[in-house]
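Chains: A, B, C, D and E, in written order; residue numbering restarts at 1 for each.
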Amino acid sequence: MLEIEDLNLHYGQHLALDSVSVTIAPGETVVILGANGAGKSSLLKSVARLVPSDAGSQIRLDGRLLAALPAHRIVQEGIALVPEGRGVFGDLTVEENLLLGANPPRARTDEGERRAQVYDLFPKLKERRRQAVNTMSGGEQQMVAIGRALMSNPAYLMLDEPSLGLAPVMVTELFLALDRIRKSGVALLIVEQNVRVSLSIADRGYLIEAGRIVGADTAKALLNDEAVQRAFLGKTDERG
Amino acid sequence: MTMRLAFGFSLAAAALAALAFAPFYVGPYQVGLLIGLAGYVTLSSAWALFSGPTRYVSLATVAFFGIGAYTVAALNEILPYPLVLLAAAGVGLGIALIVGLSTLRLAGVYFVIFTFGLAELVRQLVTWYEVNVTGTLGRYIFMSFGPEEIYWQLLALMAATLFVSWCIGRSRLGLALKIIGDDEVVAAHCGIDIARTKLALFALSAVIITLVGAIQAPRWTYIEPGIVFNPTVSFLTLIMALLGGANRLWGPALGAVPLFLLFEWLSANFPDHYSIILGLLFIAIVFILPGGVLAFVERALAHSKRVTGNAERVREPGTAEARQ
Amino acid sequence: MSALLEIRDLTKRFGGLTAVNGVSFDISRGETVGLLGPNGSGKTTVLNMISGLLPASGGAIHLNGEKISGLAANRIARRGVARTFQLVRILPSLSVEDNVVAALAFGKKRLWDRAARDDALTCLERVGLQGRGSENAADLTYIDQKRLELARALAAEPSLLLLDEWLAGLNPTELRIGIDLIADLNDSGMTVFLVEHVMDAIRALCGRSVVMNAGMKIADGPTGDVLGDPGVVRAYLGDAHA
Amino acid sequence: MLMTALIAGLVLGGTYALVAMGLTLQYGIARIMNLAYGETMITAAFAAFILQSALGLNPIADLLLIVPGGFLLSWAIYALMMRPLVTRSRDRGALEIDSILATFGLLFVIQGVLLVIFGANYMSYSYLNVPVSILGANVAANRLLALVLALAIGVTLYLLMTRTRWGTTIRAVAVAPQSAPLVGIDVNRTARFAFALGGALAAAGGVVISMYQTFTATSGVVFTMKALIVVIMGGVGNLLGALSAGLILGMVETFVATYVDPGLTLAATYGIFLALLLWRPQGLFGKAAR
Amino acid sequence: MKSASRRRLRDVFLSAGAVMTVLVGASAHAQERETIKIGYAVSKTGANAGGAGITTIPNYQLWINDVKEAGGLELPDGSKLPIEVIEYDDRSSAEEVVRAVERLATQDEVDFILPPWGTGFNLAVAPLFDRFGYPQLAVSSVTDKAPEFVERWPRSYWMLGGGEDYTDALATLLAEQRDAGTINGKIAMASVADGFGIDLVTAARASFEEAGFETVYDKTYPVGTSDFSPIVNEAATTDADTFVAFSYPPDTFALTQQAQVSSYNPKVLYLGVGVGFPVYGEDKPNAEGVMSLGGIAPDNESNMAYRKRHKELTGQGPDYWGSVITYASLQMLQEAIKRVGLDRDKVSEELSNGTFETVLGETKLEDNQLRTLWWTGQWQDGVFVGVAPQGRSGASKVKLPKAAWQAQ
C-alpha cells in the first residue's frame, strides 16, 4: 500500500500541493485528473523525492516512511517514475537504457527474464536495441522510458502524462501496453490529460484543483460524473 | 522620471568632473590607482556590453588589449598620437569583425575556450612576426605625456563606455541582445538579425578594449608579448564583471572597483599570502554572493521594501483574473 | 488569386536520414490547414523549414509568390511568418510585455517605445493576459506561457501563423478556450497552419488537412475525407478512431 | 626523419592525452569546469619531487601513493566545495559560471600554498631519462611511460565505461543527470567519484610529467589550458576523444616543428584547435556518450 | 522605474565612495626618522615568479638579513639606522609593477627602491625611478641599449651587460677552438621567442658571422615549448660541432635531457638561463663541460663565502650568473650610503663614480654599467666557472670538446 497523507509542497512562496492525501493499493490503477498547474506532476515528483515536500508530509510505502529517503533510493523501494518528457538517456542505446533500468539491487535477479518481457511488450525496442534513443520517434522513446521503469521490477509505476505529444495511433498502442502491465500485477499511478482513455483502464481516480484533492471516486463513476464531464470531457466537437 | 533622469545625469557629470580634477589633489600613486580603476571599469563594462546580455563569456579581452598596446608601440614614432589611437581602434575593429564572423556558430563553453585560444594565437602570431620579420621582440614607447594624461584619456573612455552602455540598454539594440541571450531561435523568429547584432556589439566591445590597451601602453615604456598578452587581464575583467553583475549598467563597475582595491590592499599587506587570501575570498564570494554584488544589493533592497510592496503584488493577479 | 504558401518538392536530409521527402502542397489565404501524422513523420521539420529554422535540402517554398526557402529565419519573420514552438519558448528573463515587444520591435512593423507598448497591451488582451504585462514571463503558468507565445506571434501581425502542437497538454476547458482563440484569428483573416494531435481540435478548426507519414505526404484534402482515408487510419489514427 | 617525427609526435601527444583525460571526466561527468586542474597536477609533481629527493622513493612507486592521494583530495574538494554549488544551481550554465569562479579561487589557494611551502623556484629532477629505440627513433623512457600510461588508462576506462553497468551509470550521469535518480543512481556520489577519478588521473599526469618537465608552483595554468583544448577537441566527457585529440595535437606540434618552423608550433596548435571548433563545435568525437 | 533610477543613483554613490575612501585613507603622513625605508616590488606570483625566485628575491632576503644582523645601515657619521622593508608583489604584471613603484616612491616614501626582476619590468619602472630621483640598480636585465638608457635616465645602472657582450665573447672563444682544430666552423642555434632569446640570437648572428662561423641551423621556438625532440634531432643531423641555445630555464633543462636521450653530444653545448642554477650542475656529472652565460671565479673567497651564506639562509644555492651580481649591487648601495648618507642624488653620484669592495671583488661601474662580468662560463668539476674573458683574473681554462654523456 502506497499512502500519501497530508502532503504539502511549497515552491518558494507558492503553495503547489495543499494537504494532499492519496492511497494506491497493490495492483490498483489510479488516475489523477486536473488542469495544468493543478499540481499533478508535483505530486508524482514528491513521491519520487525529486522535489522535497514540506515537513510533516507523510508518504508511506507498506508502512515505511519514504520522505527521509533521497531520490535515488525510491526506485529500490519499488516505485518507478516515467516522468513528463520521458527522461530517457538519449545518447545511450535502448539496451543501455534498459541495463540502467535494472540498476537498483532489487532488479538484479531475473534481469534477463524481465528484459524478455519488456521486449515482448514492445517488440519495436528489440529490433532497435542498439540504436541511440534520441534518434527514435517520440512514441518509441516513451516505450523506452516505460521499459526502463519496468526493468527496475516496480510494484508501483507512476506515469506523468504518457500520451503527451503522441499521435492517436501511438496513444492507443501505449494504453494497450499499460493495460497489459496493469494485468501483470503492477500498480499504476497515472497523471493524464487524455481523461477518457486513462479512465478506461483505471480502477479509481482523483480530481485535483489548485493543489487540493477535490474529489475521488471509482473510474466508472467519474466517467459518468457530470462535473467531470464538464471540466474534462467537454464536448468540443460542437463547433465542427 | 525625466526629473530623475536629469538628476542622475547631473550627478554623473559631477562625479566625472570630480574624478577629472582628482589628479590635482592627489599624489602620483593615487593617480596610478585611478588609472588602474578607470582601466578595469572600462574593460569590464566593455566586456559586459557584449557578454552580459548575450551570455557569451569571452576570454579574448587580452587579445584586443594587447593589439591596442602593440599598435601604439609600432606606430608611436611614425604617426601623431590621435592617429595612432585611431589606427589602434581600426585594427581592433578589423580583427573583431573577422573573429566575430567566424565564431557566430559557437556557444557556451566552446566560445569561452575559443576566445581563450584566440588570445594565445594572436600572441603567438605577433611573437612570430616580430621574431621573423622585424627581428626584435621588445618595443619601446617613449611618450611626451605622463600618467595624468593617460588617466584623463581613460576616464573619458570610461565615461563614453558607460554612456554608450546606458544608451544601448534603453534602445532596441539592447532588447535584441537580451532576447538573443534568452533564446536565439526566438530572436530569429522575432525578426532579429542575430549575426549582425552580435557582430556589432562584439566589435564595439572589442574596439573599446583595444583602446584601453592603446591608452595604457605608454605607461610601461617597454612592450613585449609576454607583458601585453598577459591572460590575467582577461580573467580579471571577466571576474570583475561577473562579480558585479554583467547585466546591469553599473554592475561591472561595482565589481571592478572593490576587487581592484582589494587586490591592491592584499598585495600591499600580504605579499606572501596574497594568493591564498585572494583565492579564499573568491570562493567565499561565490558562496555568499551568488549572482553578483549588485544582485545582492538589489535583493537586500527588495527585502526591506517587501512590507510596502506586498499589497500591490497581491492585488495584481486578482484583477487580471476577474476580468477574464 | 495564387496561394499564399506554395511548397514544392520540399526535402530535408539529416546525414543519411531523409526526414522530409519531396513534399508539395499549397495553402490559400484565409485557410486553416492542419498537418497531421505520426511522431517522427516530419511535420515539425516542415514547419521548421517554412519558418527558416532549418534550411531545406531540396525543393522550394514560396510565400506570396516570392521564394523564402534559403532565407534566414529573421528575414522570413519580417515577411510575415510567425510561429509557436512545440516546447513553449518564452523569453524567461524578460517581462511579459517585453516578450511581446520583442516581436513588435524587430518584425515588419518595427515599433518602439510608446507605440510598441500600446500594441503589446492589445496583443496581451487578445490572448487573455491583460494586466499581466509587468510580471516575469518565467513566473507564468504553462497555459499562460502558451498564451504569451501566441501573443508574441500575433504581435507580428503575420500573414501566415504556424502553430506547432500549441494545444498539446491543455485540459478540455483550456482546449476549448484555445480552439476558440484560433478560430477567432482565422475569422479575422489570418491564415493558420497547425501541427496538431488533438483530433477534436483538428475537426473543429481545419477545413483541410495534410497528412504525412515517414517524411512523405500520404493525404491532402478536406479534413473529414482525410480522416476517413484507410491509409491515414492505418498509419496514424489507429483502429479506435476509424 | 619522418618516422622519428611521427614517433616523437605520438610520444608528446601521449603526455597531452594523459593530462586531458582527468579533466574530461571532471568536466564531462561531474560537470565541474575545474580551472584548478593544473594545480592538482603541480601538487602531485611537488609531492613526487619531495618523495624522490627526501625519501629517495622511486617515482613509479610514488604513483602508488600520490594517485590515491589525488583521488582523496579531489573527493574532498568536490564534497566540500562543489557539492553546494551543484545543489544550488538551476541549470548547467549557472553551474558552469559558479564552478569557473570557485575553482579560479581554488587555483589561487593551491598556488599560494605551494608558493609558501616551496617558493617560486624551478623544480627539476630527471628520472628514466634514458633513450629507448623504437623503429630507429630514440625517445625518452619517461615520455614513453606517459604515452603508455595514457593509452592504458584511456583504453581501460573506455572499456569499463562501455562494457560494464558501472560504466554505463557514469555515462548516464554525464548525459542526463536529472534522469539518473529515476534508475536509482546517486548522482552526487557518481559525480563525486568521477571528479575524484579525474583528480587521480591529474595526479598521475603530474607525477609522470615531473619526471621530465621543469615546473614551478605557478605553472599549473599552462597544463589546465592545454588539457582544456584537448578536452574540447576530443568532445567533452569523451575519453577516447581526449586520447585521440591529445595524440593529434602532439603530432601536429612535432610535424610543424620539424617541417615548418618550431616558432609556429603553438600557433599551429591554437590554429588547428580554432579551425576544428568552427568546423565541428561538438569536438572530434561528439559528446559524452563514450 | 522609480526604484530602478534610485538604484542607479545609489550605485554611483557606492562606487564614488569606495574610491574616495581609499584615496583619503591612503594619504601619507610624515614621521620622525628612526629607520631607513627600503622598498621593492618583485614578481612573487605569475609568469616571472620562477626567475625572480632564483635571482632576485633570495638575495634581497639575504642582504636584508645581513643588514639587520649588522645592526642596520651605517651612515657617514658612523651611526646605524635599522631598515624597514616594504615589499610588494607585482604579480608579473607591468601595470602592477609601475603602480607599486609609484606607491613606494610617493605613498610609502621609502628611501631607496630595489629594482624588479626582468628586462621589461626594469624598463617599465625606469622613468619612475628617474622622475622620483631614485637610483635604479637594474640587475636582471640584459640590454644592448644600456648606454642610451643611461643617457635618458642618468640614475639608472645596468649590471648585466648586453647581448653583444655575451655573443662576442662566445664567438671569440669558439674561434680560438676552431683555429686550434678542436671544432669545425659550423654552428647550430636555437632561441626562445622572448625578449632575452631574440636579443641574444640577433647579436649572436652578427658575432658568429664576424668570427667566420657558418650557422647551419637557426630556429626560434615559442615560450612554453615542452618537447624539444624536433629541434635536437634536426640539430643532430647537421654536421655542426657547436650547439647554442638561448633558452629559458624550463627549456634549458628539457634541451639537456633531450640531448641525452637523442645521444646528441656536440663538442660545444652552450645553453641559456638555467645552466647556472645549482640544481643544473652541482653533483650532476652530466653537466660537465656545458657552457652558458655567467660564471664565477672559483678562487674568489668572498664570493664562495657569499654562496655558502646564501645557501644557509635561504636553503638554496645562488645561481652562477645574476645572483652574485644582485647581491653585489646591494653591497654597493650599502657602501654608498655609508659614504655619502641618505641623499639620493649623492648616492647616485657615488654609485656612478665610486669603487666598491663587493663579493665580486673590486667593483667599479663604467658609464653606469658593470663591465667586469663573466661573459661565458662552463661547468667544471661541479662548479660553474667563468671562462671568458680569458684575461680576467680568476678565469678558468675552457675544456673542449665537452665530455660524453654518462649513462644515468
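Keep in mind that, in the parts below, a contact is a pair of C-beta atoms (placed from the backbone, for glycine too) under 8 Å apart; a residue touches a chain by one contact, two chains touch by 3 or more.
Keep in mind the model is a prediction, meaning the values are calculated, not measured.
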Among all the other chains, which ones are in touch with both subunit C and subunit D? A, B
Check every other chain and keep only those touching both subunit A and subunit E; list them. D
Dominant interface by pair count is B-E
By mean C-alpha coordinates, which chain is most distant from subunit D? C
Relative to subunit B, which chain's C-alpha centre is the most remote? A
Go ahead and note the Å separation of the Cα centroids belonging to subunit B and subunit E. 36
Centre to centre, by mean C-alpha position, how many angstrom separate subunit A and subunit B? 50
Chain centre separation (subunit B, subunit D; CA means) in Å: 31
Please report how many Å separate the Cα centroid of subunit B from that of subunit C, as a whole number. 41
Subunit D, residues touching no fewer than two other chains: 111-112, 115, 261, 263, 266-267
Quick check: what residues of subunit E touch more than one other chain, meaning two or more? 44-47, 193, 220, 222
Note the residues in subunit B that touch 2 or more other chains, in rising order. 124, 127-128, 131-132, 272, 274-275
Chain pairs satisfying touch are A-C, A-D, B-C, B-D, B-E, D-E
Along subunit B, where are the residues that touch subunit D in the complex? 55, 57, 102-103, 105-110, 113-114, 116-118, 120-121, 124-125, 127-128, 131-132, 231, 235, 239, 242-243, 272-283, 285-287, 290
Looking at the complex, which residues from subunit E come into contact with subunit D? 43-47, 49-50, 52-54, 57, 190, 193, 219-222, 224-227, 229-231, 233-234, 237, 249-250, 253-254, 257-258, 260-263, 274, 277, 279-280, 316, 407-408
Which residues, counting only subunit C, touch subunit B once they are in their complex? 51-53, 72-75, 77-78, 82-83, 85, 89-94, 98, 101-103, 105-108, 112, 128-132, 134-135, 152, 156
Touch list for subunit A against partner subunit C, complex: 34-37, 135-140, 161, 164-173, 193, 195, 231-234, 236-237, 239-240
Residues of subunit B that touch subunit E when the two form their complex: 1, 4-5, 7-8, 11-12, 15, 18-19, 22, 26-37, 39, 124, 127-128, 130-132, 135-138, 140, 147, 216, 219-228, 230, 232, 249-250, 253-254, 257-258, 261, 264, 267-268, 271-272, 274-275, 294, 297-298, 301, 305
